[in-house]
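Chain naming follows the written order as A, B, C, D, E and F, and within any one chain the residues start at number 1.
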Amino acid sequence: MTTVKAPENPEDDPRVKAVFDDIRAIRNTDFINNIWRYLAFDPALLEEVWRDVKGVMAEPSLLDPLTKEMIYIAVSIANACDYCVHSHTAAAKAKGMSDAQHAELLRLVSQAGRTNHLLNGMKIPVDPAFDTET
Amino acid sequence: MTTVKAPENPEDDPRVKAVFDDIRAIRNTDFINNIWRYLAFDPALLEEVWRDVKGVMAEPSLLDPLTKEMIYIAVSIANACDYCVHSHTAAAKAKGMSDAQHAELLRLVSQAGRTNHLLNGMKIPVDPAFDTET
Amino acid sequence: MTTVKAPENPEDDPRVKAVFDDIRAIRNTDFINNIWRYLAFDPALLEEVWRDVKGVMAEPSLLDPLTKEMIYIAVSIANACDYCVHSHTAAAKAKGMSDAQHAELLRLVSQAGRTNHLLNGMKIPVDPAFDTET
Amino acid sequence: MTTVKAPENPEDDPRVKAVFDDIRAIRNTDFINNIWRYLAFDPALLEEVWRDVKGVMAEPSLLDPLTKEMIYIAVSIANACDYCVHSHTAAAKAKGMSDAQHAELLRLVSQAGRTNHLLNGMKIPVDPAFDTET
Amino acid sequence: MTTVKAPENPEDDPRVKAVFDDIRAIRNTDFINNIWRYLAFDPALLEEVWRDVKGVMAEPSLLDPLTKEMIYIAVSIANACDYCVHSHTAAAKAKGMSDAQHAELLRLVSQAGRTNHLLNGMKIPVDPAFDTET
Amino acid sequence: MTTVKAPENPEDDPRVKAVFDDIRAIRNTDFINNIWRYLAFDPALLEEVWRDVKGVMAEPSLLDPLTKEMIYIAVSIANACDYCVHSHTAAAKAKGMSDAQHAELLRLVSQAGRTNHLLNGMKIPVDPAFDTET
């Protein structure tokens, strides 16, 4: 069940082929996952999203690759994005996340969800000490 | 503007005093920020929340302290929790997050927000390769 | 700071006056809070929203008035609606919610936020036993 | 897997039949989609929801029918409502949304999701020039 | 499709067995639903979550058991947590929620969602009368 | 109260000056609103965000400028982004949105919020007729 239709032979379009070639080269695998296969329905959108995902995941970076995947998982959980949680959890595991680290991530994200709800209910003033501009 | 009232002399209650003493000892500072001062309106809730926040932030851990603050920020942004974004950004800076790292975190979280929306709109099937149980 | 402008003399419009009169009669008070004063910028929208809010809060009902305010608070917290959290917490207190009940509500809502995040991260199958149609 | 049970012969209830007849007449089709078939479990709720959905989609209106479907899709994506994204995307396509327009909508919604996360993380002051009441 | 793997013989681990025994005793049933079976992948996380879920659902309490399930459903709907909506709706029905009460809950939660969106769009000032500290 | 600090003389940095010049030229005004003044704390992030916002708002487009602002408002409301609701409502008004159109947008977005909550609570199956790939 989907709202967009993946082209049957996406690489017949040279713009799509160029992106898929880049994905295969950078990831060193022949596996093209569904986000790219379906985004091929609009080559310009495919190019933009791939350019930006490649950009935020590129090395060198001030955040290490596994940390970036974990942050991606955290946001995706809070936004209830099924595909994103699955794909970034798989990516984090491929980058070495152990079951114990996964459990710690889930513990942290769920406790953050808890205090987020608590404070959105208490509506207390932010401490002036937290202001960056003072 | 708040929905709960901070007690005027919270440490008159020995349960509150015990939590505040623990906060001061663990953080090595006299500063008690507003979440704890307001949670003092219900000592049992204060104890529970402090126990759990202390637990997820405790060392040693499989995630380093700055990474944990960044993940906390990421969830708080996605949940639009004002107090939480401010308090954990301040905490991350206190633990050494530079402006450049902060920018990278914001870039990553906002790109995750973007692909979350994209995929929640496309509703494509999750790749079977991402299933942990197969 | 607001995106809509409250009319200066809203009751000059007879449709607005009729709604305000109904609010005063049902609530037995002269206090018209801001949602109604600002919605007066569009009398048709004001009428619709008041009709429906009055409907869900009407008695007799299968849920008691305080329970309904608490459920309203719970949804408003999860949706990060500032005005709604404030107005429904005030309404719940006016209907008798004690500080201890408020604390219990916050405990429950925040624990629900926690398990929501946990399960949105685990993405486990729903037990067939939970299906209403089987 | 569902939490409510669709009645087997919903139109045995005259209130349900009246709503279904109205849906068929207004949409000029015999197809009754699942939201209405399941809401039939409570005829009063069915009547209310249909009355209001019919109201916001009615013509003439200050927004054209396709724009309204696109706005509905945008909200449903941000709220992660599966059924809503599917049903309103199908409705938008039935009203003429091309694949290229769909791609542009997804681009826009996902960029909005990105800047929403960016600004919920930066927590900067709203420009006074944006205030409607000044 | 899941991101964590349920152990095949979870009760081989004595910490898991202790939790499962407690679940069976408190709920007076042999049925262990999936959240616990999957959380068994990390016994420490299982213990924490069970301790806290048991705590918020424990009796005596200032909120009755059915009200607590309804509030849990309300939060889970707003957070789009599939598993949570299913499990707590099933629990509420097991505690006596009728179809008519379920309809009233859905009416209330969806109207709250509506006014949440309305007010998040209007961004009006909170009435000073709602402030707990004045 | 903010988590990032706006540089005092942002245009001393030539990358910032180039973006600000482009904003002034495209919008034909000297007014640089806060998102850009604060993003100047990281010129690379400023460049990226401006490039993409300019891209989605560029003409010619398959969606007209006012429709795009309304969709931006819709997403921002659902995500509870204060700054975004204010800035895009102001932009929509500058592009001709009347008070009556604003009321209709708020009516539509809030009704969408309502049915989103209703369906996230009912969890009914998506009609096979809505599937793009069948």
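Brief remarks follow.
Operating definition for what follows: a contact is a pair of C-beta atoms (placed from the backbone, for glycine too) under 8 Å apart; a residue touches a chain by one contact, two chains touch by 3 or more.
Only a predicted model underlies this, so the values are computations on that prediction, with no experimental measurement involved.
Of all chains, the one whose Cα centroid sits at the greatest distance from that of chain B is D. At the far end from chain A, in terms of centres built from Cα atoms, lies C. Contact count check for A-C and C-D (C-beta pairs in contact): higher for A-C. Mean C-alpha position of chain B lies 34 Å from that of chain D. Computed centre separation for the pair chain A/chain D is 27 angstrom, with centres defined by C-alpha atoms. Chain contacts: chain A has residues 1-4, 6, 48, 55, 75, 77-82, 85-86, 89-90, 100, 105-107, 109, 111-118, 120-123, 126, 130-132 touching two or more partner chains. Viewed as a network of touching protein chains, the structure reduces to a complete graph with every chain in contact with every other.
Listed in rising order, the residues of chain F touching chain E in the complex are 73, 77-78, 80, 82, 85-86, 89, 105-106, 109-118, 120-123.
Those residues of chain C lying in contact with chain E across their complex are 1-4, 6, 31, 33-35, 38-39, 49, 52-53, 55-56, 61-63, 67-68, 70-72, 74-84, 86-87, 89-90, 93, 98, 100-101, 104-105, 107-109, 111-127, 129-132. Residues of chain E touching chain D in their complex: 80, 85-86, 89-90, 99-100, 102-103, 106-107, 117. Taken in their complex, chain F has these residues touching chain B: 1, 3-4, 41-42, 44-45, 48, 75, 79-81.
Residues of chain F that touch chain A in their complex: 1-6, 48, 55, 126, 128, 130-133.
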